[in-house]
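Chain IDs A, B, C and D follow the sequence of writing; residue 1 opens each chain.
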Amino acid sequence: MLLAVIGRSAAVTVAGLVILIAGFLLLHAQPALREIGFVRFFADASWNPSPGPEGRFDIVPALVGSALATALAALIAVPIGITAALGSTFFVHRAVARLVDSGVGVLAGLPSVVIGLWGLTALVPWIARIRAPGASLLAAALVLAVMVVPTIYVASRGAFKSIPKTCLDGATALGMTRIGILRAAVLPTVKPALAVGAVLAITRALGETMAVVMVAGNVAAIPRSLFDPVRTLTANIALELPYATGLHRSALFAGGAGLMALTWSLVVLGRCISRAWSGEHND
Amino acid sequence: MTEARIHRSTTSKSDVAVQTASWLALVALLVPLGLIVGDLLMRGATSLSPQFLVDSPSKAGREGGIGPVLLSTLLVMGVCLLVVVPLGLAAAIGLNEYLRRGGFAVRTVRIALDVLAGTPSIALGMFGYAFFCIALGMGVSILAGGLTLACMVMPLYVRLSEQALRTVPDDVRAAADALALRRYTAILRIVLPVAAPGLFAATGLALARALAETAALLFTSGYVSRTPGSLLDPGRVLAVHIFDLSMNVPGGDGPAYATALVLVALLLSVSGVPRLVRGFTRRWSHPV
Amino acid sequence: MESRSSAIVPGARLRGFGGVMLFAALAACARTEESSVAVVTSTGAAGVSVTGTVSVVGSSTIAPVLGELGRLFEAGHPGTRINVETGGSTRGIVEARSGRADIGMVSRALTVNEQDLAAYLVARDGVALILHSGLEVQSLKREQVIDIYTGRIDRWVGVGGPDAPISVIHKAEGRSTLEVFLDHFGLKPTDVRPSVVVGDNQQCIKSVASIPGAIGYVSIGAAEFAVADGVGIRLLPLDGICATTANVRAKRYALTRELNLVTDATVSPVTRAFIDFVLSSDATETIRDLYFVPIGD
Amino acid sequence: MSQIDNRARALLPWCPMEKTAPCCTPRTYLEVTDLTVKYKNTTALRHVSIEIPRGCVTAIVGPSGCGKSTLLHVINRMTDAVAGCDVRGSVRLAGAEVLGKGVDLRMLRRRVGLIFQRPNPLPLSIAENVLLPLRDHGFTGREERASILERVLHEVGLWDEVAQRLNAPAATLSGGQQQRLCIARCLALLPEVILFDEPCSALDPIAAEIIEQLICRLRNRYTVVIVTHNLAQARRVADFTAVLWNREGASSLVEFGKTRHIFERPTQGLTSLYVGGVTG
């Protein structure tokens, strides 16, 4: 009986954390939302959140920065992750596949700060050779791609592995080419799983802070090229929160709440995709 | 797991293209890994020594070691696990053993856990700062950092523990049911022992996740690299140390890599040890 | 988890309560040993017996000084602990006012609105422009600095240097070094077109040292400390006056600022003792060692 | 007189069949009345009524998927744990309703033991498989538990085989031994009814024979219900036999009576086809 009460209340407590977190972020964001107002976060000329009348609270550059870095990272990581999973499931020797699997396991386990360290000390200087100073949108996207490619690989690998052998044998028996088999027998079944993996990876990229703050240059302006610096929503918080006070801090909390809302809707999107998928399978 | 290879039956241009693309993708996947691990080993190993693990950092970390940082890390992880393991295990037991499967409560809690798992760690760091440091008056401290991390790894731990609990075969549950064992007897004496290796692994993975985290700790357990005197003192963890050395300390790259090497070694061992434990306990588990 | 249960009380001041764990006792022992040696060398405040924790929050420029002084103070006063956190001058003010910190560190003069706090002038410091050490640029005029920071000049060749791009290192909002710098050059925050935005002095120094073609501005104390340590940066003269601690001391250098400590009305005995120590002649040498200018000089 | 044929009697000479008064004048102990069981979309059992006599072995036979196991699982309410399972009708144990809301499930399951198709010892030692349920059901005396352990292991003929390694994991036993251990731990709780759900189908023929002999030894002292798809087994061990058949999407009772009657003079055409091996 006691265990039942403990177990149930623990489950509820854990779920309640979500409300607590949302509540506290909104609580601290409230002064900014009240005094600055929702509109100015999008209409102000720039992000210069000094306390006082001169404060400018334009969140758009950070939003664009986050969106660009995430989208570019996804653009790089999704094809590589999926194709690599395809290769190690269907084309390469099992030993190679195992090697890749464990390599990806290590990559997935690397702390973001370590990947950021590598980005800062190896990647940024390389990019700086093309164009100084090197800390840029490109560096952020590459580092993010390295971080999320394991997520995509693992999700796709799982999906490809779950394809029953009979399905492939049927296609092979018809004497189809590999690409024909992939199109006919593999892709239709795994599409939703691949989509879920990609959404998961995008969620991760959007929420990543450390690796990005270390390589992105963190200038709060909309970049005009790959080599321009960017500041993401997460970097904005990491960079300024320790020093922020008053309305500035509240504005950062509002940014944090917005970031949270964005990622939460991505989580819900992922659930919807996988639900639609499993629904399809039940029929 | 039915895994099927596509055998080369015909050779067409498109096939060659697909295969080449696969190889290229595999290389593109492994090259950054090789570069990172290579850098880590080469640049880290040169600064690493037994003394490095115990000495205090001096000259902002350019010299000396990471002794106090290791201690702070252990304490933050300790606080985190002390909260996560009992609460998370209880929640997993509640979800898996007591709440009605597929019921409203279970679905709600699952969605909440998914959402929590998707919350960016920096947002959790803000929450931890607002809630633990300010509202609960803990200040920037090891305690606040550990509790924030606990919030972060909770969904992972609950999900993995649930998976572990689900490895208990159905016919063992049926046996316990048919014998009309009390629920807690069945859970404490039968379910938990069977699930123990899985629970170990869950703890290891949760710990690995916590060890790797930086953003959630920036504002909660702080930067101070001194030996903490209590749980209410701030303390710098390994990941934050790496961040600080690489961002703020000219000439700090060497020690940063050495610290990163220590961190990665720690990560690999905490996620690897449970696998060994599982190997030892396998013979006791029910043949499935 | 005793400390946790007590921590549930909202707003409770808990610093110093947490010594529940064994390690805490061990750490305390270790410190006592250290200090028993150090007591002999430490002078001044000997007869005063105070214990407790002082939390110091604020400017990252002052933090290294107070960190070092804190160590000395702890050595002379067993049972005390000085926790120094960085968070910028404004947070120093806010937290000292709210009582979350015992002492705030403020690396500028107090404004009219901040007169409710008691301020203690600890030292003086300047803000210097720094360049990557490989850059062959000997000096910059005021207008050139403004042009560089507003993006009107984006290659070094425009100011008589090599044909390389300029990487403008700027600070994130909320840093008082930024305010002092912009104020001196009559710039508005919105005018600046940076290439990289950094957090504090140390990060700025590291960025300038690692990016060829970089220019930034930092505390002279921090910069001289870095140069003495062999970091690849160079301090630029300002209006023809070399950026050195000596020139700050001699009040020849224009871009200077005060380094203040602030407290609210209630000051605990241990906080009082620590402030006294920081203001005493015992602290002067340490302040000078870290390339700041003690008030007495 | 005897309910089993001579061949079976020759095989099981120790079956105390002849002396068993209760089967001659059977008193109903377990009364299933108008039982209908529905899962989400399907009806498993429809209007089933059987009166199971005390101290006898009753077999439930029928082709696979005809709801035999469902019937057993309803009797000790294992169906409670199945989501979307709807049970209507009545099951009375010694005159008391089993399906009601206020029924003490712990007590019911102690009185009505269930043995599964696959041996499912708890992942504990051999001894603990018996001792843990005993402790859980409030047998507090250490001595008492030890003597019960020895008694039930003797009863299932396992004592001599395992006495030296009572603390070894139960998983190290062979399949037949595991099944006997399951029966032993059930006996330890002093049940009145024991339900067997195809207890031999996962075992090799030799182990199966030992279990069959064991079931015969339980006669008189326990009311035994055994579900089996093995007609010969039903004929060998059962005093009474019920035939279930799936008709029009749901199973119902075709015929119930003394085993001899069912096999030699069935009243229903379907029964004679089934026991004659023509259909099923």
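Here is the rule we use: a residue touches a chain if its C-beta (ideal position, glycine included) is under 8 Å from a C-beta of that chain, and two chains touch if they have at least 3 such contacts.
Just so it is clear, the structure is predicted and the values come from calculations on it, not from any experiment.
Counting C-beta pairs in contact across B-C and across A-B gives the higher total for A-B. A straight line joining the Cα centres of chain B and chain C is 35 Å long. Chain centres here are Cα averages; for chain A and chain B they lie 18 Å apart. Chain A and chain D have centres, each the mean of its CA atoms, that are 57 Å apart. Per-chain Cα centroids separate chain B from chain D by 48 Å.
Residues of chain C in contact with at least two other chains: 86, 199, 210.
Of all residues in chain B, those that touch two or more other chains are 135, 247.
Residue numbers of chain A whose C-beta contacts span two or more other chains: 242. Viewed as a contact network, the protein chains fit none of the simple shapes, being neither a path, a ring, a star nor fully connected.
Pairs of chains in mutual contact: A-B, A-C, B-C, B-D.
Within the complex formed with chain C, the chain B residues making contact are 59-60, 62, 71, 75, 82, 134-141, 143, 222-224, 227-234, 247-252. By the touch rule above, chain A contacts chain C in their complex via residues 45-51, 54, 56, 125, 128, 131-135, 217-221, 229, 231, 239-240, 242-246, 248. Every residue of chain C that touches chain A in the complex is listed here, in rising order: 86-88, 90-91, 93-94, 164-165, 167, 170, 172-175, 188-190, 193-199, 207, 210-214. Chain C meets chain B in the complex at residues 1, 3-4, 7-21, 23-24, 27-28, 30-31, 55, 81, 83-86, 100, 199-200, 202-203, 205-206, 209-210, 226, 229-233.
Those residues of chain B lying in contact with chain A across their complex are 1-10, 12, 14-15, 17-19, 21-26, 28-30, 32-33, 35-37, 39-40, 43, 87-88, 90-91, 93-95, 97-99, 105, 108-109, 111-127, 129-131, 135, 151, 154-155, 158, 183-184, 187-188, 208, 211-215, 218-219, 239-240, 242-243, 246-247, 253, 256-257, 260, 263-264, 267-268, 271.
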